[in-house]
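Sharing a structure here in C-alpha cells format.
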Amino acid sequence: MRRLARLWLRRVPWLPRPVRIALALACAAGSLAVVALDASRAPAQAPRPGPAPAAGTRIDPGLVPEGRALFVDGCSSCHGFDARGIPGVGPSLFDVPPGNADFYLRTGRMPLDYQRDEPERGRPAYGAREISALVSYVASLGPPGARIPRADPARGELGEGFDLFTEHCAGCHQVVGQGGLTIGARVPDLQSSEPTDIAEAVRMGPYLMPAFPESQISQSQLDSIARYVLYTRDPQDAGGWGLGHIGPIPEGMVAWLLAGSALLLVARLIGERTTS
Amino acid sequence: MIARAVRYLDERVGTSPAIKKALRYVFPDHWSFLLGEIALYAFVVLVGTGVFLTFWYEPSTAHVTYHGQYEPLQGLSMSKAYESVVDISFAVPAGLLIRQTHHWAADVFVVAIVLHLVRVFFTGAFRKPRDVNYYVGVTMLALAVLEGYLGYSMVDDLLSGMGLAIGYSVAMSLPVVGGPLAFLLWGGEYPGASSFLTRLLVVHVLIIPVALGLLIAVHLATIVRQHHSQFPGPGRTERNTVGTPLWPGYALRSIGLLLAVASVLVLLGGLIQINPIWEWGPYATFQSTNGAQPDWYLGWLIGALRLMPPWELHFGDVTLIPATFWGGALFPLAVFAFLYSWPALERRLTGDRRRHDLLERPRDNPVRTAVGAAFATWVFVAFVAGSTDRVFVQLGIAYTGQVWFWRVFGWIAPFAIFWLVKRVCEELKRTEAHPLRGWSGAIAELGRGGDSAGYTAVEQSRESPGSRVGRRGDPPPPPGA
Amino acid sequence: MTEDESRRVVAEGRRAEALVSALLVLASLCAAAFVVLYVVHDDTQLLGLALGLTFACLAVAAIVAGKRIVPQETAVEERDRLLRPQEVEEVDAIVREGGEGISRRKLLTSAAVAAGLSAGAALVVPAASLGPSIGDRVRETPWSTGRRLVDRQGRRYRPDDIEIGTFYTALAEGANPNDLGSSLVVVRLPEEQIHLPADRRTWAPQGILAFSKICPHAGCAISLYRYPLYQPTSERPALTCPCHYSTFDPATGGKLLFGPAGRALPQLPLMVDRDGYLAARRDFPEGIGPSWLRIERNPPGESQ
C-alpha cells in the first residue's frame, strides 16, 4: 500500500503535488464507498440467517414464568420491571397484542441497542421457545384469548393483493416491495417477510408504519396482500435480468456503464488505425 | 454491374460527380468522432423498433378489465393504453424484445448524444464555422430528452402517471402563462382530456421524430460541407483533412458500428429487463409508489426538484413563482441557456473570431475546460441528488442530511472543480506530457495487446518536429522501479 | 505531409478473410435460429440472444473487413473555402436590384411586416381550441356541502370506520375518482393532539381530518402516512408525498414539515351528516393541486 502511494506520488510528475494527493484520497474514498455499498447491500440479497420459527410461536400460559424471567433480564431496561414502561424510553406492554411482541422478537427488531434507533430486521436474539415464553408473558398482561394474527397466502388472490398493496402499501414499501423512504425512517424491503410477519405488521404498524385494522383490511384481503408480497420475492421478469425491480436508477447505470462503455470500446477499436 | 447502376443513375439525375466525391470523402482518424455516429445509429434502431410498436399501441384512456396472461393483473381495472402495452409485452410474439430494445435504445441514444456533446465542447469543435451545427446538436439533445419522456409517459403505468403529474405541475408553474398553457396541452385539468394520450402519440411518433430527422439531415449536410474537424498532427492543417476515405475502409467500419450498436441494444433488450410496466401496475391519480424515478436523462430534474427549498413567491392573491418552477423549469432553462450561449460567450471572452478546423486538446484551453467541468459538476450534483432516496435505502445515510449536503455542495463543488481542472490543464500544458502516453510505453503495450507495434510506435510515427505535441524531456522510469 | 505522402496499403489478409467468412456463416446461423425460435419458442431472452449475436457477428465481420481486408488508405482532402467575399457582395447586389424603382419602401415594408404578423397570429389562434380556458375550471372540485366521502368501491364512510393510526383513501361520492379535486387522504388523531387554527376548529369532527390527496408541490398522490407506535422515541404523525418527499403535519392542518412544497396540504372541512355519514362541510376553501398564478391560498395560520 505504501509502495503504491509512493509510486503514485513520484510517477506522475505532470500533476501538481496537491492534486496528486487529492486524487489519491478521492480514489481511496471512492473504493471505500463502493465497499460500503457492497457490504450494506449484501445482507439484503443473501437469505437471512437465523431460525425461522415462522408460525411456530405459541401462547402458552405455562410459559409465562419463564417469559417473565427473560423479560426482566432482557427487556426491562426500557419497558420497566413491571412492564408498565418507562416514560420517554419505552412503552408499557400492558394490553399490547401478543402479535406485536412476536413480530419484534422473531424478526430480530427487539431488543434495541438504543431506544431511538429504528428497529430493523436482524438475527433474532432469542430462540423459538424463548420467544414463545416472552410472547406468552406479554399476552398474559392483556385480555385473555388474544391471538397472533396470521395470513394464509394460499387463500389469497394475486390480483386483489396487487391492487390492495398499491393502495395501502406501495407509498412506503415501493410497488414491488423493494422498500423505500419515509421522512424519519427507512422502510424495509419485504423480500424476506413471512406471511405471519406480514399479518403482524399490517395489524400492529411497527415503528412508524400505520396499523391497518380488520375494518379496513379484512382477513381475506390480508391473505391476498400476503400472497402478493410473497410473489414480489420472485416476480415474473419476462424481460430478463430484473435489476432489483427498483426502476430507472439501475437502468441508467446499465445504459451508461454497460452499453456506454461497450460502445466506447467499439468506437476505440474502429477509430484508431492499425496500419500507419 | 456497378458501372451499369451508376450509369443508370447518372443518365437520369447526373449523380456521378457527387458519388465520386462522396466515395473519396475523408474521415479523420480518431475514435471520438464516432460518438455522434453511435447516437445516429441508436436513432435508426429507435425508428425501426418504434414503427413496430405503433402497430400495437392504443392511445385510449377507456377503462377495461384485464384478463390477459399476466396473473397479478387479473381482474384489475386499467386504461386500454396500459393494457395494450402489457399485451405487447406478453401476447405479441417478440413484442417484449422490440419494446425493451426500443427503451434501451432511447436511454443509449441520450448517452451517446451527451458523450458527443462532451467531446465537441472540450475540444472546441463548436467554434466557427461549426457553431451553427452545435446549436442544431444542442436542440437535438433537448428534443431527444423530451421524446424519451413522452415515450414512457404514453404507457399509463404507475411510474409514467406520476411523471406526467410532475410534468403538468411544472407546466403550471411557469410564471403567468403556466396555467393556461398546461390546460391547452392537457386539454383541461390533469389527467387531461381523453384525447391527451393521442396527443402524446402524435408528438412522440410524428412531430418530434420528423423534427429530429430533419435536424439530423441538416447536421450531416453541414458536416459534409465543412468537412470533419481534426486533431492537430503531422500534415494536418487548418486547410485539409487527413484520414480514411469513405470507400472502402470507412464505410465498412461505419456499417460495423451500426451493427455493433444494434447488437448491443438487441442484447440488452433481450437479456436485461427495462421498465417492467406489468410490475408497476396501472395508474390512477390517487395512487403512487415510493422510489419513483424518471429515466436517467431526467434524473437531474427530479434531483433539482427535491433539493429546492419550499420557496414560493406570491404577492397578495397572485402566485408569481410556484415552488416547482425553480427546479423543474428554471434549472433546465439555465442549463440549455448555458449550452446555447457558450460559443458566443467564448468568442466574447477570447476575442477569437477566426475559423477553426483544428481541434484543441482540453488542456490547450484551460479556462474553457474548467468552465465546462464546473458546469458539468453543477448538473451532475443535481443528478446524483435525484437518487438520494435509494441511497438512503441502500446505505442508510439520512435523507434530510443528504438533501442539506447536496444543497450546499452543489454550489461549492463547481468552484472547486473549476480551480482544480484549470490547475491540471495549465500544468499539463506547461509540461506537454500526455496523461497516459507521456508516461511510458509500458501501458501502451498493455492497452494494445498483440496489435503490432504498440502505442509508443504509433505515437512516434505521428510526431514530427513540426508537430505541436512535443516529447517530454526525460523519459519516465521503467515500471516497477 | 503532402499529397504524395498519402498512403495506400493493400493488405494480404488470408486469415482475416477466413475469419470474416466464418463470422458471416455464424451470423446466418444465428439469424436462422432467431426465425426458428420465433416460430417454435417465443422466449424474449433467446430471441434477443439470437438476434443480438447475429448483429454482433456482422459487426465484427464488417469491422475486420474494413481494417484488415480492404486496402488501407490515408488520404488528404482539401477543405472548401467557405467564405467568398465577392459572392457575398454579388448576392447582396442581386437582392437589392429586386427593389429597384420602389419609392415607398418604408410603407411597403411595414405593411408587409404587419400582414405577416397578423396572418401568423391568425394561424396560431386555433391552438386555443386544444384546451378549455383555465378560468374557474381548476377551482371546481366535486366537493360541496353535504357531499359524502366514499371508498374506492363506493361505500360511504361513517366516523366509526376511521380508526386512529392508519390512513384512508376517500373519494367524492359520484365523482370521477381520477379528478384531482376528488381524492382525499383521511386520518384520525386523538383529539388532544390536534392543534388546528381557530377558524378550523369545526373541520375535524371526532378528530377526523381530511386532506387533498394531491400534493400541492408536483401533483403526485400522498400515499405515505407515518404513525409512530410509540411517540416519545420517534417522529410525530405525518403525511408524505413519495415523489419529492414533501412532508405535512395533519395535526396542524397540513403545515409543511419538510420538503419542497410551497403550500400547506389543503384541508377539506368535514362534518357528520344527518344520516351519520362523513361528508364535506363545504368545498375546499383554497385551491388544490399544483400552484399556479391564480391558485387560491388559505394557509393554516399559527395554531392557537
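The first chain written gets the first letter, and so on, giving A, B and C; residue counts start at 1 in each chain.
Assume a contact is a pair of C-beta atoms (placed from the backbone, for glycine too) under 8 Å apart; a residue touches a chain by one contact, two chains touch by 3 or more.
Quick caveat: nothing in here was measured; it's all calculated off a predicted structure.
The touch graph of these protein chains is complete, with an edge between every pair of chains. Distance from chain A peaks, on a Cα-centroid basis, for B. Centroids built from CA atoms put chain B at 36 Å from chain A. A separation of 30 Å divides the Cα centre of chain A from that of chain C. The centroid of the Cα atoms in chain B and the matching centroid in chain C are 18 Å apart. Multi-chain contact residues of chain A (touching two or more other chains): 167, 170-172, 180-183, 238-240, 266, 269-270, 273-274, 276.
Along chain C, residues 44-45, 48, 59, 63, 66-67, 72, 74, 169, 221-224, 242, 245, 258-259 each make contact with two or more other chains. For chain B, residues touching at least two other chains, in rising order: 29, 96, 100, 244, 253, 256-257, 260, 264, 268, 270-271, 287-292, 389, 399-400.
The residues of chain C lying in touch with chain A in their complex are 9, 11, 44-45, 48, 59, 63, 66-68, 72, 74, 152, 161, 163, 165-169, 221-230, 232-235, 238, 240, 242, 245, 247, 257-259. By the touch rule above, chain A contacts chain C in their complex via residues 87-91, 100, 115-116, 167, 170-172, 180-185, 204-213, 215-216, 238-240, 266, 269-270, 273-276.
Contacts from chain A toward chain B in the complex involve residues 11-16, 19, 22, 36-37, 40-41, 157-163, 166-167, 170-176, 178-183, 186-187, 189, 228, 231, 235-243, 245-249, 251-252, 254-256, 258-260, 262-264, 266-274, 276. Looking at the complex, you find that chain C touches chain B at residues 1-2, 5, 38, 42, 44-49, 51-56, 58-63, 65-67, 70-80, 82-83, 127-128, 130-134, 137-138, 169, 171, 177-180, 182-183, 213-214, 217-224, 241-246, 256, 258-263, 289-297.
Interface of chain B with chain C (complex): residues 24-26, 29, 93-94, 96-97, 100-101, 129, 162, 165-166, 168-170, 172-173, 175-176, 178-180, 182-191, 193, 225-227, 234-236, 238-245, 248-253, 255-260, 262-264, 266-271, 284-292, 302, 305-312, 314, 317-320, 322-324, 327-328, 355, 357, 389, 399-400.
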